[in-house]
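Scrolling down, you'll hit the structures one after another.
Here come two complexes built around chain A, the first alongside chain B, the second alongside chain C.
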Partner chain A sequence: MSSPSWFEASARQRVKEMLDQDSFVEFIGPEQRETSPHLSLFDLPEQFDDGMIVGRGLLDGKPVFIAAQEGRFMGGAFGEVHGAKLTGLLRAARDVGSIPVVILFDTGGVRLQEANAGELAIAEIMRAVVEARLAGVPVVGLVGGRAGCYGGGGLTAGSCSALAVSEQGRISVSGPEVIETNRGVEEFDSKDRALVWRTMGGKQRYLIGGADVFADDTVASFRDAARYVIEHAAALDLDTLQAEQVRLEQRIERFGACADAIDIWRSMGAADPQSLPGMAFEDFVALADGLKETRHVAR
Partner chain B sequence: MLLADILASLFPGGHEVIVQGGLASGRGTLPSGSQLAVIGVDGRLPVGIDEAARLARHVLDVTTSGSNDPILVLVDSDSQRMSKRDEMLGLSEYLAHLAKCLIHADAHGHPTIGLLYGHTAAGAFIATALATRVLLALPGAEPAVMDLPSMSRVTKLPIEVLQEKAKSTPVFAPGLDNLAQTGGVAAVLDPTRSLADQLEAVLTTVAGTGLQADTRDQLGKQRQGRPKAADIAERVRELALASV
Partner chain C sequence: MEKLTYRHVAALRAKGTRDQAIVGVVASGNLEVLVERGLPDGECEVEIRTPVEGFGDVWSAVVVDFVGRSSPGGLKLSINDGGARPDMVALRLAQAVRAIEGERS
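Then we have the complex of A and B:
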């Protein structure tokens, strides 16, 4: 039986299918109806889990804490309750000190209807990620959902010990429409989907060292990826931060003058860079692992 | 207040803070004799990959200097730089790296204090001011999550509706008071008094090494800007601990 598409699956399906059978236990589930206290001001519908599922379960018989965003509710955006659930989970992981955290990102960023609460939630989550990592806990992220991983979600992902991304996963701070609104269509045409994918999509992120694993768009592939990144998670210490500093400075030196991702891929040595976006999963992985910028991705 | 006036009030005996390309870095000595490392973004500069990498380099230089100097982060920035180049090269990684460097420094003997004296927004705000342990502000500071035109585009609500709601809804509206209500700003300083004195008072509360609990959600509850966050986070933490 083929594994379901990660992109198409709901957050609950991803959690259920990723973990060992019947091992998931949710904290503050939808039956508790802890909804957003702010959405009604905008006459917007609420969801009983506020678009965030947190709990614990088993992956290959080993305990993990897991969090999943529902990209189909408010674009998976971080609101007050949504964000606080993840903050609490990360603080528990820090206190326990041994159970890894897996975050299934699917988010447009801060929920603008409760923007200040969402912005603060991101700040608290990032601090809690760092605290957990300093306590020796791997915090890993999976990106391959409909909403991508934008805004504060992108910053949170960048704080994780390791990341897995699929072709469909987009990681970025400003979304295409926000760049276009602020800088004009000449800077970024948000309707040009090919441009969006090659600038922010999973293939580009994997090639330049923005993600550690390239996953296929299936739950099974993301499960394998999660297992791998938990095992290979970087410790957060001065050495890692200095290595990341060098890695990021070198990226600017090498590719800072490139006008387009195609130019980056060409200068990496891709013989036919135009063909990368259309390339099938196995072919791309084989090519990418020959080209890839940094094998040890310090983050 | 202008950056030069802030530095003069903090360091009446002079300082070695330079501003280059809109980024500040250096150090100064407070009247009490304690040293302070300084980084900053001035003149409403957008924070892109180049700026974030330079700021992070300064933070790592402090962390490896062998001192125990606190780090003051001065912020008058735009949002993150919105461009194809910055996103193509992975701006999320650069901003996250800067935030990690600041939080790591805080955990290793360099308490971090933010001072918001102008504008800031979105990802630039998260990676600088909001990555410090204690965030202070001066009157007139203008933090925002997103400019209203972009908000209008993303939420599909007319800008007039957003402007109207901004007057009555602190949880979404830009501005220092609204952000302070959510617990994001610890205190607003008095520009008519010595900033050095006020900063020294804050420094005595953050002395010592190691990370202290992040209490911004509790502050947001007390100030009634975030009614649920502190309780939800604590309930999840307790349930998770009980499940182990």
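Then we have the complex of A and C:
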């Protein structure tokens, strides 16, 4: 049987299928009904796990902590409980000190109905990511769900040791509609799907060093990617941060004048940059490996 | 938000040994069903929380149909509804029983 699509799978399916069989143990499962204290004020339905699944399991026989957002419940958005579950998991990983954390992002950002609690949750999560990494724990992110990885999710992803993304994945802070609302349709047309994907999508993020591994849209491919990024996660120290600063300075120097992702790909040396968005997985990986010198991810 | 609770007599105890299972997601036109054991073998309870008020008769009919078709004895089913249609509700209820009985959902 072929591996299921990551994009189509639910958060629970992703967790279950990517870990070793029957190895997942959930913390604060749905039966504990630890739901949002805010949504009922707006007469909105709750979800028993508040859209965040956390627990532990085995990946190729090795223990991992895992967190997964359900992108179909309120767009995978961060609320108070949703965020606290991830913060707790990261703090546990920091205290244990030896078990990596895998975060399956699928989020539009902070849940507007619990805005302050959600924003605070993002701050706590980013601090917890940094503390875990300083304790020597790799914290890696996987992005390939329908909600993408936006807002505080994008910030948290940027704090991770390493990221894997698929073509369907999108990573950014302000989403397409936020940019259009604030800056006008001339700045960014959120209905132009091709523009959205070539600006924020997985292929572009991988090519410009925003993600470390490009995964195919299958659970099996993300499983392989997770193993790889855990093994190759950069330590969080001064050398890493200085190298990342240099990389970003070089990137803005090299591509800062480009008006569109197509221009970036052309100046990277892609012979036919218009063809990149339509390229199949294997062809794209082969092409990207040829342009690899532009893609040193330091973090 | 409307809360509805239905209790029924079930003919048979649900098979399997799992304590709980969950299926579905709270999204537009969808719902989640959390199913747990803990009731006497011949009883079944379905508790619904839905933002779409005034459809108690439809919920009641779907639950009666579900209890007749499945064998949910000993099960408590808790639903968070996202505005699902009756056919989706029936599907998720059947999936929930299969999931707790140990089959793939």
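Please note the rule applied: the second predicted complex is superposed on the first by the 295 of 299 C-alpha atoms of A that agree within 3 Å, B and C clash if a C-alpha of one lies under 4 Å from a C-alpha of the other, contacts with A are read in each partner's own complex, and residues count from 1 in each chain.
The criterion applied here is as follows: a residue touches a chain if its C-beta (ideal position, glycine included) is under 8 Å from a C-beta of that chain, and two chains touch if they have at least 3 such contacts.
This is a predicted model, so every value here is computed, not measured.
Three-chain overlay on chain A, with chain B and chain C fitting side by side and no clash.
Once chain A of one complex is fitted onto chain A of the other, the partner contacts of A:T87 are limited to chain B, with no touch recorded for chain C. When chain A is checked against chain B and against chain C, the one touching more of its residues turns out to be B.
Shared-chain residue A:P273: touches no atom of chain B or chain C. Of the two partner chains, neither chain B nor chain C is touched by A:P100. In the superposed model, A:R12 lies in contact with chain C only, and not with chain B. Rounded to the nearest 10, the superposed model shows the Cα centres of chain B and chain C diverging by 110 degrees about the centre of chain A. In the superposition on chain A, contact is made by A:G151 with chain B only, not with chain C. Once the two complexes are overlaid on the shared chain, A:G201 sits clear of chain B and of chain C alike. In the superposition on chain A, A:G169 makes contact with neither chain B nor chain C.
Minimum C-alpha separation, chain B to chain C, in the superposed model: 14 Å.
Taken together, the two complexes place no residue of chain A in contact with both chain B and chain C. Interface residues of chain C facing chain A in the complex, by the touch rule stated above, are 1, 19-20, 22, 25-27, 30, 32, 34, 36, 49-51, 78, 80-82. Residues 49-50, 53, 56-57, 60, 63-64, 79-80, 82-97, 99-101, 103-104, 107-108, 122-123, 125-127, 130-131, 145-147, 149-151, 153-155, 157, 165, 169-174, 178-179, 181-184, 211, 214, 216-217, 220, 225-230, 232-241, 243-244 of chain B are the ones that touch chain A when the two sit in their complex.
By the touch rule above, chain A contacts chain B in their complex via residues 25, 27-28, 34, 37-38, 41-42, 54, 56, 63, 65, 80-81, 83-85, 87-89, 91-93, 95-96, 99, 108, 110, 112-124, 126-128, 130-131, 134, 149, 151-152, 154-159, 171-175, 177-179, 181-183, 187-188, 199-200, 204-205, 208-210, 236, 238, 241-242, 244-245, 248-249, 251-252, 255-256, 258-261, 264, 299. Residues of chain A that touch chain C in their complex: 10, 12, 29-31, 40, 43-49, 70, 72-73.
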